[in-house]
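Below you'll find the structures, each written out as structure tokens.
One chain, chain A, appears in both complexes that follow, with chain B as partner in the first and chain C in the second.
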Partner chain A sequence: MNPFEKRATEYIRDDVAFLPYVTPEPLVTYLERYAKEDVLFDRLVVIIGTPGSGKTTLARLFLLPTLTTLLRTPELPSQPALIDALAACKAITTDGTPVPAVAGCRIPLESDYRDCWELPYTEDIRHNLFCSLLQARTVLAWLRGMEDAGFSMSEVRLIPRADASAALEAIGGESIERIRNVAREIERDVYRVTAGLLPPPPDQLPAGATAAYHPFDVIEAFEIPFGTERLRVKPLVICDDAHFLHPTQLDGVVKWFARREVRVARWMLTRIDALRPHEVLRPENGLGDAEPGFNRSREMALIWMQSTGDRGANRRAFRKIAKDMAGRYLQQMPIFARRNLISLEELLESTAPPFPAGKLKQLQESLSSGPRRVVGANRRREIEELVDSYLGSERRKASGAAAPEVRAMMIRILLERYLKRVPQNSLFDDAIDIAPSMPLRADSNVRNAAEMQLYHDFGRPYFYGFDTLCDSASENAEKFLRLAGHLVAQLETQIIRNAGVKLAPAVQDKLLKERAARMLEDEDLPERARVLRLCEMIARECLVVTREPNASLGEGPNAWGILQPEFDTIVTRHPELARVLQSGVAYNMFSLVRDYGTKGQIWCLVELSGVWSLKVGLGLARGWFLERKVDDLLRAIQPDAGDSR
Partner chain B sequence: MSTWENGVTHGEDAPSFIQEYFARRDRQVLVIGGAGFDPRSTVVTASIAAVASQRRGIYVREERPNPAAELLKRAEANVARLTQLMPGCQIDPIEIFDKDDGAVVGAKRLMRRIAPLMTNGGVPTDIVLDLSALSIGISFPLVRYVYETFGRNGPNIHLFVTEDPNLDAGISPEHTDQPMYVPGFDGDAALDQQSHATRLWIPQLVRNRREALRRIHDFVHAEETCPILPFPARNLRSSDELLEHYITEITDSWEVDPRNYIYAAEQEPLDLYRTLLRLDDARKRVYQAHGGSLLVLSPIGSRALALGALLAALERNLPVAYLESISYALPATPPPAEPHAWPTVHIWLTGEAYA
Partner chain C sequence: MDDNKGLKILGETLGWSNEEARTEFQWLRMMAAIKYDDYRDFLPGMRFLENLAGWLQQFSQLDERREAYRLLRQRLIYVSPPEMQRLVELLYPCVIERRLIQIIAERRGIPEYVVRVDRDARADLDRLRRRTLILGLSDGARIDILRHSTTRILSNEQFVLQTQADLFKWKSVLADLQKEQPAKEGEPKAAFEVVVLVDDFMGTGSSFLRYDAEEKKWKGKLCKFLASLQYAMDNVPVMAENWQLCVHHYLATEKAAHAMPERERQAIASPGKEVPLKRPSHYTFGAKVPDEVCISATKPDDSALVALTQSYYNTKIETRHTNVGGVKHLGLGYGGCALPLILHHNTPNNSLALLWAEAPEGVDDAGSPQREMRPLFRRRQRHTV
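This part shows the complex of A and B:
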């Protein structure tokens, strides 16, 4: 079994089997800061991320059965690191023997919650039905979690809020068994209403559907026996998939959860879909900000599980997470674990392979052919010196960047640039030796461009090495696993056949392209056809510029740039386009880089994901883009004549 | 004994059954079907209209956002044909997705609208539910509603599908991203009382639905998976082809034991129905003392097989998990509008045949 392909953390039910796969890094990266500010279990926390960013895996770590399994299984190799990270998030108390501090349960907000909104009743009735169903299921899930964690229900005690005796009675008093029975009755009665094909008239709603039931306002804590002590744990409800609620319904829930009267800790996990288009296209805004009297920073914490700021820092953070994750997955594969091959980074060859002599000769001959043949000898020598001087440092020699094919391609690019910077007015092949209008430079941009041109013109591998693999995943854990899974499957075969323990760059490059194509083919998202059309158009145009002989945009663009003020008109003037952009961002087909300053103006970049770069052969660096207008975006999403998608 | 163990069905002889049965003068027939782009929309109606003198029709036009112009054109042509075959018929357009947030709302809104229409002018002697051109998100709730409202001592209820697995495989749906239980077919799966039941997911495989099946699998959260493979089938290699197509999912994701494939006759819905009931009985016995057993069905492939799953789900209150389609694309060269070569399958759901 290849756990990379299986997306192990999603499928493994048993916590002992699940925990070895879990990396503590996301806890530190995304949550620790908020734990230090004491907001994680004190107010509403909304965690936003793309599908596959690891929200649900993160949530699972806070469930009571998972926490207790972790604490009771010292033989888990990952136990100390996970306990440290969870303690940093204040989910585990480490004064003395580590014990759980929270009792989390996860409630997926599936369609029956959205169905409450669909009922033909007043908004108040619909909201109350939703609240009752959610609270009843949460209570049942907490109790189930305690049972699953091995606690005897007769020893569990509910600690109610001091001034809530009437409300306490309505949820079943302090008897756990009564509390469970009341919750079951409420769940059953509300469910009968929401799940039926034809709802009853409002005056015939079953008793449980109209009863006053507010356990979130009543329950302060649970007391559970843990070893020889009795522990107080804070109940935590994690509402997953909140994006499936109706926007007005979601607003109502946010306001409800933001109230200070709610005593339990509450998290909402959501994809970007939950936001309205203007919130996606302007992510610094967010849920509920526009509401009068609602101060987001005071009432709730918004945590983004995807890059919103410094690209370099995000990539470094994700590489760390990915490295740890890959190591843990490899340790679960006997073929790798037996040989102690647990670093994917070391298994992926990251040095460029030797360039075939025939191709090198062909490349070198091309320096004096075509339009380049008219470059004079002196100028040619100067260009060669520029390149040699750049590649001459020991560091570049050691890293293989000074390989002869890279040198030759850099010279070719500079020759082309030179020809663009001098007047071409001779009808004959007179040698040109005049100074260019702008001085030429050999730098890392030209080197990267040379490697990209070698990839497209001579088939030299470009997408290989662990860092490239991580960057191609666009900081998305699931995408990383799917890409890595294909490489790991090949490595497994190689090892079984004694064909070496490292994957050659050419093989990595080929496998990554294959997998990227399949991932895009399988991708199923709202507005799929129009999102794909837009991505294909961006990719096609970027590829043309990437392959220009003078590499005018370095290793090549991977984005369209729209002037920010013009981009900001999309939400109001082009709502359909806004929906397409929202879907593309939500599913990581591209990202929006807002307020990108260059050329004296502020741009919004629509930057293709790493998977698209892999499929088409575009660079992974940020900043190279084609200047476009909103009209170009609109044109791109229009169906071609005869397009039946 | 199960309700449809010896159910009355017609396959190759369905056209002659229609000709004889619906030609009787005492038949008052209500046909409820789909009026979409699907070329099979008109096949059953045309056969019934040719012989039935007292007939009326209600046709559901499933509306999805941004339909392709070609599909609209085909749907219009089908509506025109249905109106010609069933003069005065009602065409009921229904938005499958909510305009605000894209949630799947079609089935429940349709039930509220269509329920009073069914008995307008009195209860008919025969209700024909033609599921050929309806999505399962509409057809399954419709069958449940009609069955539960009229099932006992009521009119005859007939289910028809015009079957073409190749066309079904060729139609490429674009799915919504939220798997769900078909309205009316949740099987109480979300209730606390089912939380300890051992779940077995039974998807029907059809090509090019990898991502959809992956999402449904995540949603169902089943301990085991038993995929349904069509055998015997018109294309005898189709089982092997499906296994090859889904090899990564079957071996790595779902970890299906090769002994756990369910083979079901492609054009014989009762074969699958009986198999599912046997499976349910066997598992109930085994898991009785361990929180119970829950079979979750996902009939997203052949329509005749979906009928078998529908009957099992109706009888045992089994949950049916699926992904609604946002849009469809037809194969480049779609088949002709009313091909007589397509087999029609009939199941007599309730009525005088069982009296």
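This part shows the complex of A and C:
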């Protein structure tokens, strides 16, 4: 079994089997900062991410059975790291013996909860039915979780809010058994209404469906026996897949959970497509409509499981997450574990293979052919010296960047740039030696551009190495696993056949392209046709510029840039386009990089995901883009859209 | 053998590149795990991958081995236990009950959908259901699963494990019926009105019903059953006057399914009266294997495979039982059916002999050298030679 291909964590019910797969890095990357600000458990937390970003896996770590299993399994190699990370998130207290600080339960909202909204009642009644059903099931889930964690119900005590005796009585008082029975009755009565063929008239709703039932306002904590101590744990409800709710229903839940009266910790996990377009295109405005007395920054914490802020740092952080994840998954495969091959980074060759002599000769001859033949000998020599000086450092020699083909291609690019920087009528001269309008430079941009041009023009592998693999995944755990899984399957085959334990760059390149094409083919999302048309047009136009001989944008663009003020009009003026953009972002086809400052202006970049770059052959570096307008976006999503320029 | 060793050998045997090997290893592992390893004849340590390696190695040329692998990869149909179980479980709701409803509807002159709604028709249906007898034509009928899946619908006394029951058995099942449905005044005593014969697979139909040109008579399981039933009815009024016969096979070739009703009509009309039925039987099939899956020399894509069936062959696998099918050379299977079909509990001999036949290297009676034949899914022969 290749766990990379199975998305192992989704199918593993047993916590002891689940925990070895889990890396603690996302806890640190996404949650630690909020834990330090003490906002994870005292207000509504909304965690937003694309499919496969790891929301559910992350949430599972906060469930009480998982926490107790972790604490009771010292033989788990990752236990110390996970405990540290969970302690940093304040889910575990480490003063003395580590103990759980929260009792989480996960309530998937993909089943009957949406049905509440389809009932023929007023909004208030529907909302109340939903709230009762959710709270009843949550109470039952908490109690079940405590039993699963090995705590006897007779030893569990509920700690209520001080001034809520009537509400406490309504949920069953302090007796855990009564609380459970009341929750069951409420759930049964509401379920009868939602699941019945014909809903009863409002005046005939079952008693439990209309009773005052507000455990979330009452329950402050649970007290459980842990070892020799009695522990107070904060109840946490994690409402997963909130995107299944009706938008109005979701708004109502957000407002409910954002209230200060709710005592339990509450999280909502949702995909981006559950939000409204303006919440995606202008996320700084947060969720929910502004209301008097509703202060978003105080009432809720929004955690986006994707790049915000320092993108370079995010990329580096994701590489760390991916490295840890890959190591854990490899350890689950006996064929690798037996040979102690548990670092995927080491199994992927990261040095380019030798360049065939014939192609090198062809490349070198091209330096003096076509328009480049008119560059004078002195100028040519200067360019060669620039390149040699850049490549001369030991570090670059060691990394293989001084390979002869890279040198030759860098020279070729600089020759082309030179020809663009001299007056055009001088091109009819026999040999041009005049100074260019702007000095030439040999730097990392030119080197990267050279590698990209070698890829397209001579088939030299480009997409290989662990960092490239990570960057291609656009910081999405599932995409990383899918891409890596394909490489791991090939590695496994090689090991079985005694054909070496490292994957050659050419093989990595081919497999990644193959897998990327397949992933895009399989992608299922709202507005699929229009999103794909947009991505294909961006990719096509970026590829044209990437392959320009002078490599004007380094290794090439992978985005369209629209001036930010113009982009901000999309939500109001072009709602259809806003929906398309939202869908593309929600399903990781591209990301929106807002407020990108360059060329003296502020841009919003529509940046293709790494998987697109793999498929088409674009660079993975960030920041290179083609200047476009909103009209170009509009034209791109129309059927039979031609080139925008 | 370790699975990985098996895969390594297969990769070498078939000359795969690393990339081909990767795709094929994934497929082989998956199919072995969910289907092929469960073949009844396999033993621990010698399951599918090991058998496949051994099977392929009998072919001396690489292109022959690749062709044999292509048979497995692209043409093989394997019916696994859950699939067969599903066919068994569908017999009552999709075939028997529907037939009973049809019969009641015809008798009462009402539409079939009214049968369940009309109280009297429902009572008739309940009565007719109890007067239905189900007999297994072989172990493949899986009467055990059928009985289990019809708990509280059919009674245990309605199942008979063999078609040639003795008089004691017939009396016993009739007595149980009459106890449950005592005759009302003026009415005849209860007797069975519907008999369902069940078997797993029909390839050519010759086992079930065939005309023996040598002995000039009709033979087969149907004839044996009817002879046994006639003997019983001479002594015990086990069947009602207008009783009906239903015949169900869980799996059949399209050809056999199409041919059987006509064959039975000919048998009924023949002067020998080996098939003394007053009305034609009702034939049903759980699933049919379409003709286009059969291997055929007329299809260009199959010519290499057909050539393999000719060259990798041993006459020792031919017996007097297999000659009954009308085609002596079993390369394309019994009766020339040319099926690429495997049933998990045994491979039908209607399938290509390459898949099931086992014979040692040697010489035949005429002194011609005969090749060793190694099976992929070995067939357990039912008949001794």
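Just so it is clear, the second predicted complex is superposed on the first by the 630 of 645 C-alpha atoms of A that agree within 3 Å, B and C clash if a C-alpha of one lies under 4 Å from a C-alpha of the other, contacts with A are read in each partner's own complex, and residues count from 1 in each chain.
Going forward, a residue touches a chain if its C-beta (ideal position, glycine included) is under 8 Å from a C-beta of that chain, and two chains touch if they have at least 3 such contacts.
What you see is a predicted model, and the numbers here were worked out from it, not measured in a lab.
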Room on chain A for both chain B and chain C (clash or fit)
clash
With the two structures laid over each other on chain A, which partner does A:639 touch: chain B (first), chain C (second), both, or neither?
first
Return first, second, both or neither, reflecting whether A:130 touches chain B, chain C, both chains, or no partner chain.
neither
Of the two partner chains, chain B (first) and chain C (second), which one does A:496 touch, if any: first, second, both, or neither?
second
Could you look at A:62 and tell me whether it touches chain B, chain C, both or neither (first, second, both, neither)?
neither
Have a look and say if chain B or chain C is in touch with more residues of chain A.
B
Per the contact definition in the header, classify A:41: touching chain B only (first), chain C only (second), both, or neither.
neither
Per the contact definition in the header, classify A:335: touching chain B only (first), chain C only (second), both, or neither.
second
From 115-123, 259-267 or 313-321, the chain C stretch with C-alpha clashes against chain B:
115-123
Chain A residues contacted in one complex by chain B, in the other by chain C
2
Would you pull the chain A residues touching chain C in the complex into a rising list?
2, 335, 489-490, 492-494, 496-499, 507
Chain B partner, complex, touching residues on chain A are 1-2, 5-7, 10-11, 13, 51, 110-112, 114-115, 117-118, 120, 137, 140, 144, 183-184, 187-188, 191, 195-198, 241, 244, 246-248, 273, 522-526, 528-530, 639, 644-645
Seen from chain C, its contact residues with chain A in the complex are 4, 7-8, 11-12, 18-19, 21-22, 25-26
Touching residues (chain side chain B, partner chain A) in the complex:
66, 68, 70, 98, 100-105, 107-109, 111-112, 115, 141, 144-145, 174-178, 180-181, 183-184, 186, 188, 190-193, 195, 210-212, 215, 218-219, 223, 248, 252-253, 255, 326-327, 329-330, 332
